[in-house]
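Next up: some structures, all given as structure tokens.
One chain, subunit A, appears in both complexes that follow, with subunit B as partner in the first and subunit C in the second.
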Partner chain A sequence: MAIELRGVVKQEGGQIHIHETNLSLEKNAFNILLGTTLSGKTTLMRLMAGLEKPSSGRVFFDGRDVTGVAVQKRNISMVYQQFINYPNLTVRENIASPLRVARVSAAEIDRRVAEAAELLRLSPMLDRLPAELSGGQQQRAALARALVKDSDLVLLDEPLANLDYKLREELRQELPSILAEKGAIVVYATSEPHEALLLGGFTAALHEGRIAQFGPTAEVYRNPVDLRTARIFSDPPINTALVAKKGNTFHLNESVKWPVNDATCGLADGEYRVGLRPHHITPMRRGEGSIEVMARVLVTELTGSESIVHLDIGGHRWISQSHGVHAVAIGATETMYLQTHRFMYFESDGSLIAA
Partner chain B sequence: MRRFKWLVPTLYIVFLMLPIYWLLNMSFKTTNEILGGFSLLPQDFTLENYKKIFTDPTWYNGYLNSLAYVVFNTVISVCAALPAAYAFSRYRFLGDKHLFFWLLTNRMAPPAVFALPFFQLYSAIGLFDTHIAVALAHCLFNIPLAVWILEGFMSGVPKELDETAYIDGHSFPSFFVKIFIPTITAGIGVAAFFCFMFSWVELLLAKTLTSVEAKPIAATMTRTASTSGYELGLLAAAGTLTIIPGAFVIYFVRNYIAKGFALGRV
Partner chain C sequence: MAAKTANHKAWWLVAPVVALVAFNALIPMMTVVNYSFQETFGDNVFFFEGFKWYEQVLGSERFHAALGRQLAFTFTILVIEIPLGVAVALAMPRKGIGVSVCLVLMALPLLIPWNVVGAMWNIFALPDIGLLGRALNGLGLAYDFTQDPTSAWITTIVMDVWHWTSLVVLLAYAGLRSIPEAYYQAAKIDGASAWAIFRHIQLSKMKRVLTIAVLLRFMDSFMIYTEPFVLTGGGPGNTTTFLSIDLVKIALGQFDLGPAAAMSLIYFLIVLLLSWVFYSLMMRNEER
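Showing the complex of A and B:
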């Protein structure tokens, strides 16, 4: 079972929301759409759902062309970022809604609603109205409604974005196992890179209405095809700079330089754009390729479990992310270590040439 | 300072209630007493005025006629405004914003402007002096009003709710009747209330389009002079009874009225 977009384009009022897209999403894995706001995640989902018609291109489900098929006939479910429940129906009736429309027998409805409620821990509040629930419970009710029917396609559009931190963590852990049992194609949109990594599966990185890269999540993270994908898949943002390769050395400036390695020795001399993830700049020496740099501290963000420090390294504003609390004074000059073998090298057009 | 805290609200209530009190006061007096002098309470308490209204068909029929066309009008207005408001709140189409604004054009002219053409039109098609004639005439200002109010309430409901219903398998009619209308009952209540009120207090069109069969209470009240001169007590009793339906309806939508005056955009 798969949903496939073939040459799908969506434009509205002269503005292109989705550039020509070819994408095939399989069952039995989390398919993640990763991108910032306005990158086209929601539009792409709405196209898959049939809530919007592509301007050109076709949508296939299981090899069958479903481009013009009405939403009602598609057997899908969707959960939005906002908590969407029918305000006049109790939680029980909300969850039962798709089954009632499908004319499932009353006993069967009772059984399945109880099951879904149990799974999402809603059993004690089945007879309440959505407005009487907390945000997290409302979203769980919406999830239960999406899961109660045996849909072929489950679309989750940033379902956890409006939840508070604790609940998000909790649901994020539970979702993959809950959905794994459904046997549906699961598509999950998120703007948070670490959410994508936690959920695993496959990731499509979206940038301004284009799919920059699609592949197994860890693969996309480790080997981004270009700088854009590396940017999308990095939080805090990836550090970039122009470096010059002269012979066997890369020069960031006069004082900061590092030798080539196996991957980069074949590159021609010249200018390259490099990317270095924030957690590869550390206050302690780590790994063989580490080089020492002097950095002026600009801003510090201590989250308790990790320290994010904005640094001025040779005129570049870079960010370091490290475990634990490292108290550093703003304005002070600190010794930091760059893990040079973690550098990613990009061509001037942004495509990755060495990592 | 603190000792006079009660003063402002008390004065407020006194000024607010004085005309209504005076009306009520008069309705329990005889016309002679009203004309005779000044008294805060009826000296010669009488229920004759009310009795007359409830027993004389020319009087109580006025109420029945008014209620009939007001209810007709409210039902027609809300039923017509529901789909219109839905279209304005959910779809973008050519000239939608202009159309929405120009719904209110009729409010830019006094009803007297429409009285003559309506009179001629309704006479020509044989609707003169019927309840439905007044009900339809009042749609002129009530449907746009209801559309504006309902549009505000509908726009407060996220579009995703509609989509969720479609995804659940609801067809459009099923969604609209089973999900959407129950979701905006408050808005429908407010819209109905405003239609009711405006139709209930409108006099000019109602009076112009009726003669005997569908004569509204307000028109009956304007014919006050009889062989025994002005019947002020009777008139006051009729006035008191006229306030009741409005007060009754206001009570039911009291929590939503502010939202209604803001056309649902709170």
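Showing the complex of A and C:
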């Protein structure tokens, strides 16, 4: 089972929302659409669902052209960022609603509702109204409604974005296993890179209505094809700068320089844009190729488990992310280490040439 | 822990409001209470009469008849205006220039002074010179709101529906607009029928504003005075004499201040009681 977009374009009032897109998503894997707001995640989902018709291009399901087919005939389910339930129906009736429309027998409805409720730990709340539930429970009910029917395609549009931290963590852990049993094509939109990494599967990185890269999530993360993808897939934002290659050395400025390695020795001399993820700038020496730099502290953000420090390194405002709490004074000059093996080198058009 | 310091200065901040409410509500009302328990022949000479006026009003055929007409009128316009308002709101466009056009059109009747509404309909419906009256009679219908009670009632109700359905439309439309698009999408994906969407999404999301609409229309229509007064003057006979018209007749026409005062208070209590019943019934539904 697969859903395939062939040359799909979505244009509205002279504005292109989705540029020509070719994408094939398989079942039994988490397919993630990763991108910032307005990158086209929701539009792409709506196109897959059939809630919108592409301006050109076709949508295929299992090789069958479903481009014009109405959404209610496509056997899909969708969960939204907002908690969408019928406000005047109990949780039980809410979960049962897609089955009632499909005229499933009463006994079968009871069985499947109980099953879905069990899976999402809603059994004690079946007779309550959505308004009487917490946000997390409301979203669970919406998920149960999406899962109770045997959809071919399950679309999840930032389903965890409106939940508080704890509930988000909890559901994020449960979702892959819950959905794995469905045997449906699962598409999950998110704007958070670490959410994509935690969920695994495949990721399509979206940028301004284009799919910048599609592949196994870890692969896209480790080997972004270009700077845009690297940016989409980095939170805190990836550090970038122009460096000059002279002979066997890269120069960030007069004092910060590092030698070429196996991957970069073949590059011609000249200017390159480099990217370095925040967690590759650390307060301690880590891994080979670390070089010592003096950095002035501009801003510090300490969360319980990690420290994010904005630094001035050779005139560049870069960010360091490290585990644990490192109390550093603002304005102080600290010794930091750049893991130069982790630098990604980009061509002037943004495409990756060495990493 | 520091001892709680009493600071009564805050009362001064409330004082203007208290004074205002006292002058525009409490003091006039106490005057009415005063009249309702006494008999006066002028010259500020009063005789205490106890509950005599209350008993007289509550036992009078005339009051019962006016109350009956009032209830019938209010019930009828609620039954027409609420569903009609919801239907019009559902039919209104959701985006584009049509929205502003519709909203302005809807707001127009609400902007017309009440006595002008009465005068307009009076002239419009006159059987000899009015557009509506002439047209109906031309069709062979025996229509004359100045002579025929049925015609008078229908005209009064149509006038009220024309005047006030807009309010229900605007409230219902606001309720509809506040429903996120995702609800409709979700229903569409479920394959829910138009009826199910109306019943389970639109209506249940509009519940709160409709509660307000019903309450407003109930209270307003129960106290209706100006429009029927201008249109029919309460006639023919007493057939469109609603409570407030009757009250004015007693108080200013006959100058029976005692019974009029007692009737005012009874009237007030009925509105208060029915509003409370309506409100608590609907809020209980809401919470369930």
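Here is the rule we go by: the second predicted complex is superposed on the first by the 355 of 355 C-alpha atoms of A that agree within 3 Å, B and C clash if a C-alpha of one lies under 4 Å from a C-alpha of the other, contacts with A are read in each partner's own complex, and residues count from 1 in each chain.
Throughout what follows, a contact is a pair of C-beta atoms (placed from the backbone, for glycine too) under 8 Å apart; a residue touches a chain by one contact, two chains touch by 3 or more.
It should be emphasised that the depicted structure is a prediction, and the values quoted were computed from it without experimental measurement.
Once both complexes are superposed on subunit A, the partners subunit B and subunit C clash. Of the two partner chains placed by the overlay, neither subunit B nor subunit C lies in contact with A:60.
In the superposition on chain A, A:98 makes contact with both subunit B and subunit C. Looking at the shared chain after the overlay, A:76 reaches both subunit B and subunit C.
Contact with both subunit B and subunit C is seen for A:51 once the two complexes are overlaid on the shared chain. Once the two complexes are laid over each other on the shared chain, residue contacts for A:86 go to subunit B and to subunit C alike. Note: residues 49, 51, 71-72, 76-78, 80, 82, 84, 86-88, 97-98, 101-102, 145 of subunit A belong to the subunit B contact set and to the subunit C contact set alike, using the contact criterion stated above.
Residues 180, 182-183, 185-186, 188-193, 196, 199-201, 203-205, 207, 288 of subunit C are the ones touching subunit A in the complex.
Residues 158, 160-161, 163-171, 174, 179, 182-183, 185 of subunit B are the ones touching subunit A in the complex. Per the touch definition, subunit A reaches subunit B in the complex via residues 49, 51, 70-72, 76-78, 80, 82, 84, 86-88, 97-98, 101-102, 142, 145, 149. Here subunit A touches subunit C in the complex through residues 46, 49, 51, 71-72, 76-78, 80-82, 84, 86-89, 97-98, 101-102, 129, 145, going by the rule given at the top.
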